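Heads up: the structure comes next, in structure tokens.
A, B, C and D are the chain letters, set down in written order, and residue numbers restart from 1 in every chain.
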């Protein structure tokens, strides 16, 4: 039996390989206490069973994330299925029985930096797409923004950023699905939107955390989604660079794509707690949510975060900052690590394919919301 | 220069290959006056230009279909583009300049019987799908119906039939897109629908006309969409067999997929002229249309057929017959041979990919309409 | 239970669907006594077993073909596997247990006319390829020849024709593999060959028989491989047209691709019995066979047809005629319907993929043989 | 204009982005003087031209490698074409004119670590394949060996290792092609080989150097192909681990896959200079070379390295060490960075696809050589 995580977004420590179950621990994000993302490969004997225990699960960032959680697994790195697990409040236990000599296990289907670069290379072949590197991360990776549509003539500007929290890989699967829909010549919603709207898309807000196998922070240990008031090039260049661009361009809708560890639903969080939240904010938000709920049974409005009290929003959060700064609709979209309990999939749970479909469906609420802005 | 149409759905006659332009004529459907569908291959010199004239265009079934019509063309039989044409009220003239030694030209991208069989073979691999051959056509081909979902527990039954008029190949491209959406595990609308609805789908109502290269009729020259009151196994077994099955099973929504030669829009025709058309009919129809229009910019309600006067519907038409027989929503969906003028595509016009997208989008109005039936 | 063969290359008659086993018979080729090819679809209950008996197997063209023969089967029309069968000298008996609602059964994996047209459309996109329709069959289909390479500068001319006997579909699978290899820019043998050699390829010598589901003859019932001395446009236009082109162009190597019903091996038959067969003939033949055997373990020289006695060759056979007419190497390549018993594949037997591989490997013996001609 | 190399195997320094041409330099391998591999992305204006100069080209490891060299370029990271360059003995100059917003430039088409992991994951799905991690590199990556075939019953053992020099990416493209051929059920040579031979394949001997964008060394700056006499876990664990396995298992043929910077040909270097080189060595070598040359016009024996004098071989080199240790055939296979000048490809030069084809063709010389060993 051999376990390794020395690859893109890998994260696991083997505490005791001889015990049964094998004792594992998730590494903390660099310079941070956060941890929950894991991604490793187990090599063993075909047909043998390997009981595994993540010993430090109970002290991870979101312990409730382990309740009813099932582990993502893949033999071929393309198809990811789920393996049942047990969480007792302290450790996450599950058993892998090998059909092939080696299996990948992860908190969610990974989205590698190579795939990110492939996505950009694919997108740029469309003549509507411009690529712009805004600057570099602390590990020297590119902060890349795509501009889709005609910035000069567009009436509306829509921003989508994803994966501020790098372990929330469903966010970049979502962006992939979104770009496929938006750049599909046969998609009439896309054609209609691009007639008067320009999109600014940052597919990965946290490249360093992604490659390092972090849950929540960048290379310096900064939780980027608490950096929007005063980001710096030293500590949070990712936010600094994108925020500067937002200030330069402005926007009508801001979407920040995330995953939630605990709640088995898709939902949005808005910025009802920001100073100046008004009826216009509320109407845009309501329009968006109703349209999304109408079109996608994978979206709902019943379950979600508790609302902020008026004026108590945390403006260091991207969505709150943008909603306040631009006095317009800003939403955090949350997808589950577990499943959508309204439409559960026993085999795959929530998945890359479902994230992509939810992204294709977001064209509709965007369009409905923009109609109000006219 | 060599022209041939001796293949699936081929249709052209060469009147004069020596003249310039080359004189062509479309063959009539067997035992019928209808004609408009053409499909042939031209072989020549790469780089050379071939002026072509369809001499009998003006007397075809729908002469207005040639106005602003552009010819569908393909070198590889997969990608179909458009070639500009001129119609003077008598002949349709266009010029082909060869980039490859041989080009296919057609009224619309063909959908072959082999592809039909591939579609069925693919669909049956999904455990939700049952295949049933209802009987045979006059040329001995299968009349195949797919049952999708759980017929025993379903609350709702939705019928979709396509291509009564065999030259309207967009109708079967539509069904292909519909089945892909409905059988996609990651599509939440499909999952939701299949939880309480069973679909009966006949992907091709007119196999013989399809293979023979007919525009509008079956092997006997019968316009199947005028056979629904009294179909017979001798003249219109296609309708007879499906109609018997409808009578056995019943249904809540009936959709009949077509193409329209003249109008450059997607729209539906309902059965407002049937005896007994009532508020329930109207409400279902209105719900369906509004939902479809909301979700798809390729669907609209402004342009379409003139409404029947009350009681004057032609009950030999499938939609009217079903709407009357089952006292429920029955719609003919029409797609253009030309383009959707609200969202024109200079390169491809209306296309297989767009037909498939329109089909994916129909899940939404179906779902919205079924909600009322609950 | 429902059985149908109303599609491209379909062939079966249901004698008694109520008996057990179900009694079937293969149709004779039109205007001919030959029969052995079958191709049909069986629809039934998933999980149920259907015993089938081909009642007239014992009187087919090659009864020894049924010994140790296993039936080709496919659910998806792409992957073909084998089903064990029993032959008692009279009937061929086998049982189908359905994993899906419907299964295709055939004498060998079919190669449809639509796929033939797709192959030509794909090939023409390569700038080295010219397409030429030589004329029409009795059913009005195209007799198409591909010219690959530079006919004007080439030192050598190689002919490949396939599927004179339409039920020998492996012959066209072979041509598909051959064209893929020859048109592959990364294949150095192809590049080397095309530097000084031009290829004339007729992928399907018998279009009508292919579509009609014949074993051995064209639409008129002519065994084309007995028509090479005096073909006529009335009875054997396929041979007439290709033979005229051969006489016009000449050639250095002639390859005629076939399948053999009885022998479970790949081998060639040469023209040792023709008048004028000499040392040059023998040396070319020997070189070709040794090179092929060296490179491909699927080719062998031990098993094959009995040799003709000197001067006793049947010059109505294509290979004999060409070897005699052009005083050069002419070979019939035979692939098995069953399997290569030197390298048996329990799952698939001889297959499309293996036919294609054997075709890729033929570049080597062609090249070795042409070296002698220099 | 923006240049970056912060990704898998990236390597470039921008000395002066303002000058014309833009001044670039290749980074040295860590802890080493070697450098020649480069890989970077340039982002700019579509339609604009960017003159680039690699200022330190003349002092790289193999300056003659730049003569007649053309730069590898790709917009989509899948298709790599060549861009003409000029080398004046000091700098390598070339100009990029952008068709898309961003282009990748590299010494040869890269083969990423992610693709390496995908290759292993694909290979293991074949039941003939075992995966074994032998240990870890200095950067903690896996040293993975594939065992293909039945080690217990095999008469012959063949080793293939690749990419000791990490910048020689064609070596891993070669392994990919080799595995595809060996694991292809329709490939009769593979089936024949696997009947009595077991293969030990190390697709990447230098993972750390590969990811770090090195030309020639591992993380510690060790040239692995000079470490075979006395490798250590501290300095060259890659060699240590594989060598131990070789000593444990033994072997009949050892193949070490490389790329050569200077020579525009494919060739092998043998171990004629080792103590004990005898007639058996020579016969195996000669058999292998003749067979390879016969089957592949991309392989030749005229151009290559100067022969070692008897007894003067450098036994720190893998091939010499293995040939000496196991008294059997050991070969270094060299592919060009430039092109095969005997069969030049103006568009792509030597390429991944051609490396893969050369690998498919190596089955033949392996088989011919093993016949002698029987």
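The rule is simple: a residue touches a chain if its C-beta (ideal position, glycine included) is under 8 Å from a C-beta of that chain, and two chains touch if they have at least 3 such contacts.
Heads up on the chains, UniProt names are A, B, C, D = M14-type cytosolic carboxypeptidase.
A quick note: this is a predicted structure, and the numbers were derived from the prediction, not measured.
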For subunit C and subunit D, chains touching each: none
Numbering shared by both copies at the subunit C-subunit B contact, with half separating same from different: same
Chain centre separation (subunit B, subunit C; CA means) in Å: 37
Whole-Å separation of chain centres (CA-atom averages), subunit A against subunit B: 41
Whole-Å gap between the CA centroids of subunit A and subunit C: 55
Contacts with 2+ other chains: residues of subunit A: none
Inter-chain touch pairs (all): A-B, A-D, B-C, C-D
Subunit D-facing residues of subunit C, complex: 184-189, 191-192, 294-298, 340, 343, 345, 348, 351, 353-354, 356-358, 364
For the subunit C and subunit B complex, residues of the former touching the latter: 2, 4, 6-8, 43, 74-77, 100-102, 104, 112-115, 117-118, 120-122, 124-125, 129-133, 136, 139-142
